[in-house]
Structures are given as structure tokens and as C-alpha cells.
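I've put the structures underneath this note.
Next come two complexes built around subunit A: one with subunit B, the other with subunit C.
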Partner chain A sequence: MPKSRRFFSARVKRDLLLPALFIAPALAVLLSLSIYPLLYSVTISLQQQTSTGVNWTFGNFTRLVSDNFFWTAMAHTFVYAVVALACEFLLGLGLALLLNKQIRGRGLFRASLLMPMMLPTVVVGVVWRLMLNPNFGAVNGTLKQFGLDTENLTWTASPRLAMLSVIAVDVWQWTPFVFLVLLAGLQAIPQEPYEAALIDGSSRWQTFRHVTLPLLKPAILIVLLLRTMDLLRVFDQIFILTEGGPGFATETISLYIYRTAFRFFDFGYAAAMSFVLLALTNIISAIYIRFLQARETV
Partner chain B sequence: MIIFADNMRLTILVALLLVVAGCSPNGPSNRKELTLAVVSGVEGDALKQAALDYQVQTGTLINIAQFPYASLFEKELIDLNARTGAYDLIMLDDPWFPRFASEQFLTDLTPLLVKRGQPEADGDFVRTSLALCRHPYETGPLYALPYVGNSQLFFYRKDLFEKHSLKEPLTWNDVLAAAKTIHEKETTGANGGQIYGYVMRAAQGNAAVADFMPIFWAFGGEMFDAAGKPAVNSPEGIAALEFMLELGKYSPPGYPSFNADEVGAHLLQGTAAMSINWPAWISRFSETSKSKVTGKMEFTTLPGAQKSGQAEIGNWLIAIPRDSQNVEAAMDFLIWATSAEQMKRSAQRGNPPTRKSLFYDAELLAANPAYPAQLSSLETSRPRPRTPQWNEIENAFGIFLSKANSGELSPAEAMNQANAEIEKILQRAR
Partner chain C sequence: MNHKDTKNTNQASLRALRAFVVKNLHYAVLLLAILFALAPVYWMLTISFKTEVDHFATPPPWFSFTPTLEHYYDAFVTRSFGQYLLTSAIVAVTSTACALVIGTLAAYALARFDLPWKLNRHLSLWILSTRMFPAIVTAVPLFLMMRDVRLLNTRASLIIVYTAFNLPFVIWMMRGFFADLPRDLEEAALVDGDSRIGALVRVVLPLVSPGLAATAVFCLIISWNEFLFALVLTQTDAAMTLPVGIAGRVTQYEIKWGVMSAAATVAIVPILVFALALQRYLVRGLSMGAVKG
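So, the complex of A and B:
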């Protein structure tokens, strides 16, 4: 007993005690709200409820392999994320470059551009659901005014248009966020490199390519990373707009996980799917960081 | 610094008060207390009102937890599964019932009735409504009492049927013929636009399944064969889906994404002539502020085909969770709330009753002229297939119905794939 007491000298003890006390509450919260649920979800993903009780098994993970709904939902998620991300990034970058200049009414433009982002996603979903209604909606109403035949433009009801519609709504809502981050990035770039480029006689494209883009890279990295993670777990606007339909045409992985957990009460399978999604998100994020950091050092 | 100290003191005071409040007993211990989980909307509101009346009459303390339809099921199932005993009475939509009953989450009501000198549930309840409250269906022990007696009705535009001298829609072929005629002749309808012959919900999930089942049953389809194997891809089932697509030709574009709201809007705006719908919509057709077709609608029982027409039943039930701490008080309330007198008040608040006598009540009949049709629809109605896996099966079936309606799959492909998927769900449950 005396030996183990001497393991920490009195001084070390004193030095450790106070910081430990300070950290304790944060640690307790982290453990109870984050670590414990995570470990718990690992255990339920390895369990299956049967009529005789609970079985420990990899069944939830092997079931993934043959589940067509799962793979289709995964494919939808990736199509959704890639297309929406590309549109949001290009539009956001263009707008940021435009509004970084001294133009008339810049403040007004900036403020109005931020509007969609400030609306709750659920509100956005409901508003667009009404606007895209093929019979009473504002979108088809406007197109009709221009003499277009809107008979077949059933935005959320045709398997082909539905994905386009949900992507368009995401682009509408989240381009402002990309714009905002990139604009902040642009404004943080000092004037000197531009002056140097001007003196070297570089063209506008060359300046953009070799001065603006490299210096904007940190902002680009952040915005791409945040949007990708958000897009991969998209739920609310699709849930409101199409509920994954028509048929299965816009069902993303989050919707399918939600349904499995809270409609069918199969938490084990839902947890297994969530872990696959988590792993994929992590891999993609790591690739981003690698890729953009590597190029930065060149 | 002084301000900070004051704030600190205030915070500590509030925290202490909260702790003290948390420790104090919830009122005098001899006072009875009941907690109800009810659904948002007219069905839950009626029960909530009744419960508050009950509180005034008996002094029983009533707590209400009200949830939107979409989250009520998960709240109740999580709670009952965790055996917290938080609720003494819960409202259930009837398709959820097999799941709750099969996992033995609910209190058997018969012993409680016997104790009160009533060996059986009241014979005044409509047979099909009471049958829903037993597990297994109709024959097993009684685990709930029916509160709201919804079942589907067939809505159609009487004025247009008269105008084009169309035959009353007794069969689905009558419906199709009428839809075609109206679609072709009413191209400059109420709003100067097309009146669609028919309108239906074919959004995946509950909507598509609910609007398809009456056609499916009338054509002789059955979801499960005698051995309990899925059989939606029978020739009758495929024919029924082909017929649904045929009706779709006379439905507004976009119907494969329609839910109740879109169907209701088309009917109220006078842009569609026929539909399957639920009784809750009836009263809106007499409100001139909402309806452009006041007095032009007729409500009747479902059309037939090879078999006579049958509506899907959709009743709200009230049950007592097994882990309630106040079973006796909950039973007293349950009997009171489903009594003829109280159910009449619920009917006046807009809910179809589940007691036969109330469908003949002169006062209610005067306010609800569709009651005779509602009663005969309810008495001949069918429940959705009674399986604990219904949510999952309905979801899968609905996806393939919606895919067929939006043209992604042919009716035969859709039914074959649906059948395979339902088979998988059943296998997993075994």
C-alpha cells in the first residue's frame, strides 16, 4: 500500500488534481452524450432481435450486401451530393467573385443572397413543395405565362424530375453559404500579390489561377468539407418535398435509416447502415484534406 | 463585478428552487392522476377536451402529451418498450395495434370489465371496429376500445353525373367509364380548365397503399394466401394495378406524388370528379369559404368488381399500457370516454363514432347526412393485413405501387418485386 501511494508524489498530485477537476465536467458530458451512445450503437448494430431473444451477430452488416434499397439509396445520396456540391460551389464562387468588386447595391445583393440560408429547412421544403405543385404551383404558373407546355412538368412526381427538383432546392438554399465563406476568404487576401501580378503583366485568368485560387484554398477546403458532410446526411428538405418518392426515386440513405429505425423499429440494422455512412464520410473527408493540403505544399 | 455576483446569486437561487420543486411530491397522494398520449388534430383534440371535462367532473388530474401523427407511433413504442409506465392511456391508429399487442405491451381489458360487472365489451360498438381491438383479430383478448370510427368512402360529383347521365358508381368499371366521359367532356370546367375524371393518392407509403387496397380487394386480390405467403403478384393483383394505372390516365398529372392534401384540394376546387377519401373531409365540402362544390358532392360506399366493394378501415383506438401505474383509474376513464354520451360529444367535435346507436342519433344525423353511408362502409370494411410487420410491408408495397404509377415499372414487374420484398420482410421476422 505505501508503495502505490508513492506512485504520485504529493506535488504531482496537487498539480494534477486541479486541472482534472476542471476537465471533469466537460469529460463527463462528452462521455455520457457522445462516447457512450457511440459505443451503445456499436453494440446494437451487432444485435438482432428474434422471437427467442437477442442474438449477437454480424447479420446486420451481411444484410446490407443484398439489400437493394440500401444500395439504391446510397447511389441517390452520391448523385445528390456530387451534383449539388458542384452547382453550389461554382455558383457560390462566381457570386463571391462578382460581389467582391465595388459595384452598386452590393450591400443589398449580399443581404438578399443570404435570405434562403436563414430560413429553416422545413420552411424551405414546404414553400418549394407548394411552388413545384404541377397544378397550382408558382413555377408551372410562371412557365405557363411564357407559353410553355407544363403538362408533363410534374416536378416532384416524375422519377426523372424529382431528383433534379430536390437538388435545385438544395442549391437554392445552400449556395449562399458557399458564397459567404468564399467571399470572406476573398476579402482576407491581401492586395500585394495582386499588385505584384499586375506588375508582372499577368492576364486576369492567370491572376485568378495563380493568385486568387491558391490563396483561397483554405476557404475552399472548409466549404467543400462542410457541404459534403451536410449533403451526405441530407434529410429534412427531401423528407418534406418528396418523402423519398415517387417510388424510391429520391430516397437518400438518411431517409432510409430513419425509416428503418423509427418506422420499422429495427435499430440494429439502422445502426449498421449509419456506421457505413460514417465510414464513407470519414474516408471522403480524409481524401479532401489530403488532396488540398498536398497541392498547397507544391 | 457586482452585477456578476448578483447574477450568480440569482442563478443559484433558481437552481435551488428547481431542485426543491423537483423533490416535492406531485400534489396530495390520494388524488388520482392520469397521463394520456394523444394525436394532434381533430381526433386527439376531441379526446383532450373530454379528458379536461373528466378532470372537472371527477377531480382526477389529467396530463396530456400531444404528438403529431408522424411521431406518436415512435414515442409510444419507445416508451412502452422501455416499460417506463409514463402513459396510462394511449391513442393508437389501428394498423399499429398488432405490433403493440403482439409484443404484449397492452393491458387485457376483459378482467377489468368483469370486475365492473360487464363480462363483455358493449354490443353497441360496430363489429368491425371492436374486432380491431382484439389480438388475434376478432377472436383474441380485448386490448383496446375503438374511439374514432373512420373508414373510407367514395366521393363523387353528383351534379356532373346527372349532367352527363352517368350511372351511379357501383362498380369500378362504372367509375372508369364515368371518369373517361367527364375527362373528355369537361375540358372547360369550373375554373375554365380541365375537370379530371378521378384523383388519387399514389405517393409511396401509406398513401398509395390506402388508395389501392379497395381496388385490389374488389378485384379479388389478397396480400397473403391461405398459407400466409405473400401473394400480391397474383393475376388478380396485377389486374388491379393495371386498373389503377388506367384510372391514372384520367387523374391530374403528378398524382404519383399526391397525398391527402393534394387530393382534397382538387376535390374542393372542383378540378376532379371522383376519389376515395376519408370522412374527415366531408364537412369541408359544406364550408363555402373552402369549397367551390358546396352541395354537389355525394358520399357513398366503395365500388365493387369481381367482389363487392370494401373500404379500408382506419380507426383510432384507446389502450392502457401494461406498465401503467393507474390501470383501474385508466379503465374508469376509458369506459367513460367511449360511452354513448361522451362519444356523441366527440362526434359533435367532428369524429365519426364507433357506436351503431350514434349513427342513428337524430341530432347527429341532421348534422351529418353521410352517416348512413359511413355506417354501411364501416360495417363492411376490412382492416389492413394484421401483422406486426405492417409498417415495413406497407412501405415496400407503397414504393412499388408508386413506381408503377410513375411509369418506372410495369404493373407485373412492380407486383413481382413487391412480392419478393414482402417475402424478405416476413423471413426476417421469423
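So, the complex of A and C:
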């Protein structure tokens, strides 16, 4: 008995030593640069600077409740995420369905559609500041050529159009991604169910509803999950395009946290807000993942 | 009679035309989509080559203007964009190399060893979850940590942060590529008396090298494009990356559109080369290995 146990532990040691050595560096990096900062952030969020020193308190979290700027930024984030996600999904799905056939010059068109999503987000911001500039932008310039009055179309500078503008830029950049993922999903669907539907005399809509959509569901969920996570944390393009302005019109939660931390140097409050954002993205991704797993076990 | 004939042929040709349009409708849509995707970028390109007078010309000149390189000279010789470019390159290459080495080892262990307590699955999911944090959540504590160890405004701070940022991505991509590989090959090598590490280096790594290259290119792009951490951690000319340099010019009161476009155009060039190189793996990479496009 002791002998076999010794044999067992020796075997375990030998078999686990190598994978442990392989995984250890990655684990060390992630623990010190992802997990530790998070814990550090918890302690920051529970502190407030006072004239006498540092106070331990829940003050940063209670302050959230009555901070109108915070809730407005939250509302902006939701509007931005929901509208952009809907547009990107519907456009991407439409394009994927339309183009799910043999196409000549496939590589060329894929490379061109790649362009927007591979660009640095800062460059996307620059591109669209140039496009939407009221004085010399190509958008207003082109509209003018068609005889339209562009006097009031100041896009990112207008309180009413600014949100629409930043959403449109996101749609421009990310629709190709949704399209490419859904196209890959469509092309992975086998032919048999379609032949069966044809024999059953299903209409095109019925075939789409009962064959295409269920089989495409995993790809749809994955692309929606990835886009939602990105949309909720959006920062870069808006920072370049409007800096959250004019006024507060396009301030999303990430921008408000950035401003709180690095303009007003209120790190505690910024950390508290970032936990609300973290909780939110976690809950939403958990819901998506539950849907994904429900699909897999069926 | 004659009249009816021409009418018939007219109708026939009309029908043929309609059939042609319907059959090729997807090409029309495709062309339109490509136009939408590329025209704005082309517009920026023209701005970077136009004189300032042409910037404000109406109607906007898309093709007919006298090209000039003055903005490029201004950006990269007169101003410090050359230095930002160098910093971007150093940070991207170094952090990619670190993430690849550390990540590939971990990915191999997760893909090929049977760890106890379902650790393969739990660890993988935990690693993925660290990537799901919104960047701003870790940006605040990372700024304070880097300030405490006096690494603010250094390239080292960015290399460290980008290595950690790219690691989950490398692990998930490479885990997928290792899993795609039949185990027989390594087992054959092991039977032949090769050690586990020998089998990894001599048999497995050569076979996954296309995947490794694709993953590397992705990391380079992600680091090259990254903005928020760079903005938070580097504010001096000596340490800032190209995106931060460009952003600094955009938010100034008086904007030099030509200089900015020139810098942004240069920032695109490596991305273009890379994106063309890994088209085939693009969807897979952007979905962290979830979709094998």
C-alpha cells in the first residue's frame, strides 16, 4: 500500500512537473498584471482622500447613486451599444445572406472589407474627423454637390447629430467583421437540410426561419457577444471624434471614468465606477454564454 | 410586322438585361460595400498629399490635385512622429515576442497534458476571462502601479502591459492550433525516444508554424493599434506611441490636418501588409479562435 502510493505520487510529480513549468510563466504574468490590478483597484475604490489622510469608506459607491453624470454616461453607453449592435448585425446578416455564393475575386473583396476593422481606432477617428468636417469634409462636400443644404449638418459638433455620427463610425468599422463571421458560419452549414426543406416545399422565409437561423445560431451568438463587449467599453474613436462632447452628448462610461481618473485625479471614484462597468459586462457575457451552452448540450 | 419585331427584340433584350442585373446583383452590392469601406480611407490619403489650399477647395477634389510631400516632411522630420513610430515598432515587436514564448508554452500544456481537477478547462476559461475586462478597468490601477515603480513614460511599461494583454489571445489561438494537430505525431516521436520538449520543438512547433505566424501578426496589430493604455501610461515625446502622438495633435485647438493625415497614413502601412498576409486566419483571430473561418 505505501509502496503503490509512493509510486502514484512519483508518477503524478513527473507528469505534472512539465505542464506546471509550461503554465507557470503565463500564470505569473496574468496574476500580477490582470488579477493584482483588479484587487488593487478594489482597495482604491474603498478609499477617499481627505485633508487628514486616507479614509476607508463606501463613499465612492454611494456617490454613484446620485451622480447624474454617471447615469447619463451609462444611458449613452447603452444607446450606443444597442443601436450600433442592431445596425451592424442586420447589415452584416443581410450582406452575408446575399453574398453566400461562389464569388470571383473573393480574396480581393475580403481584403478590402478588412480594411476598416484592421485600422488603428485612432486612425478611424482621424479618417472620420476629416470626412465629417463641416468645412472641408467629403460628406458635406458631396451632399452639397447634390444640391443639399449642409448649413446645419455639423455632425460631431452638433449636440443632436454627434451621437448618431459616432455610432455611424462604429457601424462603418465593424459591420465587415459581423459579415465575415456570419458568412463563415453560413458556409459551414451542410447542404442536406436545405435539400430536405426543398422537398418539403418550404418557402424561402420558412427555410430561413427553420433551417438557416437555428444552424447559424452559434456564429450569431459569438459575434453578438464579441461586439457587445467591445461596444460597452468603447473609448478610442469617441475620444478622437468628440472627446465626449459637445458638452456631454457622447460621453460614454469609459470616457467618464477616464476623465474622472486622469483629468480630476479622483482614482477612488473612477475605480468604483469601473467595477460597475465590469459587473455589467460580466452579467451580459454570462447571459450570452448560457445561451451558447444551452445550444451545445441540445 | 417590322415594328413588332423590334418591339419583341427590345423586350427580349430588356429581359436579358434584367436577368443579367439580378444574376449579378451581388457583385453590385459587393462593389458598393467595398466603395463604402475604402472611400473614407482614400479621402484621408488625399488630404495627406494635398496642399493646405486644396484641403478647403469646393467641390472636394478626390482625384485632381497637385500632390505634395510637405506634410510628411513636417510630421516626420520637423516634428517627432519619427520617434513615435520607432517607439510603436519597438513596443509591438518586443511585447509580441514575449507573449508568444510565454503563451505558446502554456497553450501546449493546456492542449496536450491531462491536468487534474479539470484544470485544462477551468484554467483556459479563467485565462479567457482576464481578456474580457474592459481596458479602462485595469488602466486606472496599472497607472498607479507603474507610477509606484517609476515606470511611467517608459517603453518598458508598455511592453509589460501589452505582453499581459496579448497573452490570453496567444494562449487561446495556439491552444486551438495544437488541438487541430493529431496526437499520433508526437506519440510517434515519444516512442522513438524523443523527450517531451524534443517532440515539441522538433515535431509540433514546425507543424503549427503557420498558426504561430498568424498569431504573431495578430499580436503585432493589436499592440500597434492599442490606444488607451498608451495614452494613460505615456505622455512624453520619448515614450509615446504613434496613436498617442496622433491623438495629441487631434485634440489641440488648432489642428494641422495634413500632418495628422500623414502620420495616420504611415500608421496604416504596416497594418495593410499584415492584414493581407493573414486574411485566411482573420475571422478565427478576431473571434479568439471561436470561429474557424
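Here is the rule we go by: the second predicted complex is superposed on the first by the 257 of 298 C-alpha atoms of A that agree within 3 Å, B and C clash if a C-alpha of one lies under 4 Å from a C-alpha of the other, contacts with A are read in each partner's own complex, and residues count from 1 in each chain.
The criterion applied here is as follows: a contact is a pair of C-beta atoms (placed from the backbone, for glycine too) under 8 Å apart; a residue touches a chain by one contact, two chains touch by 3 or more.
Because the structure is a prediction, the values reported are computed rather than measured.
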According to the stated criteria, A:R263 is in contact with first (subunit B), second (subunit C), both, or neither; which is it? first
Touching A:P190 in the superposition: subunit B (first), subunit C (second), both, neither? neither
Contacts of A:G201 with subunit B and subunit C, given as first, second, both or neither: neither
First (subunit B), second (subunit C), both or neither touched by A:S158: first
Identify the partner contact of A:F136: answer first if only subunit B is touched, second if only subunit C is, both if each is, neither if none is. both
Of subunit C and subunit B, partner touching more subunit A residues: C
When the two structures are overlaid on chain A, which partner does A:L99 contact: first (subunit B), second (subunit C), both, or neither? second
Which of the two partners, first being subunit B and second being subunit C, lies in contact with A:W172: first, second, both, or neither? second
Who does A:E243 touch here: subunit B (first), subunit C (second), both, or neither? both
Take the contacts of subunit A with subunit B and those with subunit C, and give the residues found in both. 135-136, 243, 262
Given the complex with subunit B, which residues does subunit A contribute to the contact? 51, 63, 133-136, 151-152, 154-159, 162, 242-249, 259, 262-266
Subunit C partner, complex, touching residues on subunit A are 12, 15-16, 18-20, 22-23, 25-27, 29-30, 32-38, 40-41, 44, 95, 98-99, 101, 103, 107, 109-123, 125-131, 135-138, 141-142, 144-145, 172, 176-177, 180-181, 183-185, 219, 222-223, 226, 229, 232-233, 235-236, 239-240, 243, 254, 257-258, 261-262, 267, 270-271, 274-275, 277-278, 281-282, 285
Show which residues of subunit B lie in contact with subunit A when the two form their complex. 73-74, 77, 202-205, 252-258, 262, 265-266, 271, 389, 391-392, 395, 399-400, 402-403, 405-409, 428, 430
Mind pulling up the subunit C residues that touch subunit A in the complex? 25-27, 29-30, 33-34, 36-41, 43-44, 47, 55-60, 62, 102-103, 105-106, 108-110, 113, 115-116, 123, 127, 130, 132-145, 160-161, 163-164, 167-168, 171, 196-197, 221, 224-225, 227-228, 231-232, 242-243, 246-247, 250-251, 257, 260-261, 264, 267-268, 271-272, 274-276, 279, 282-283, 286-288, 290-293
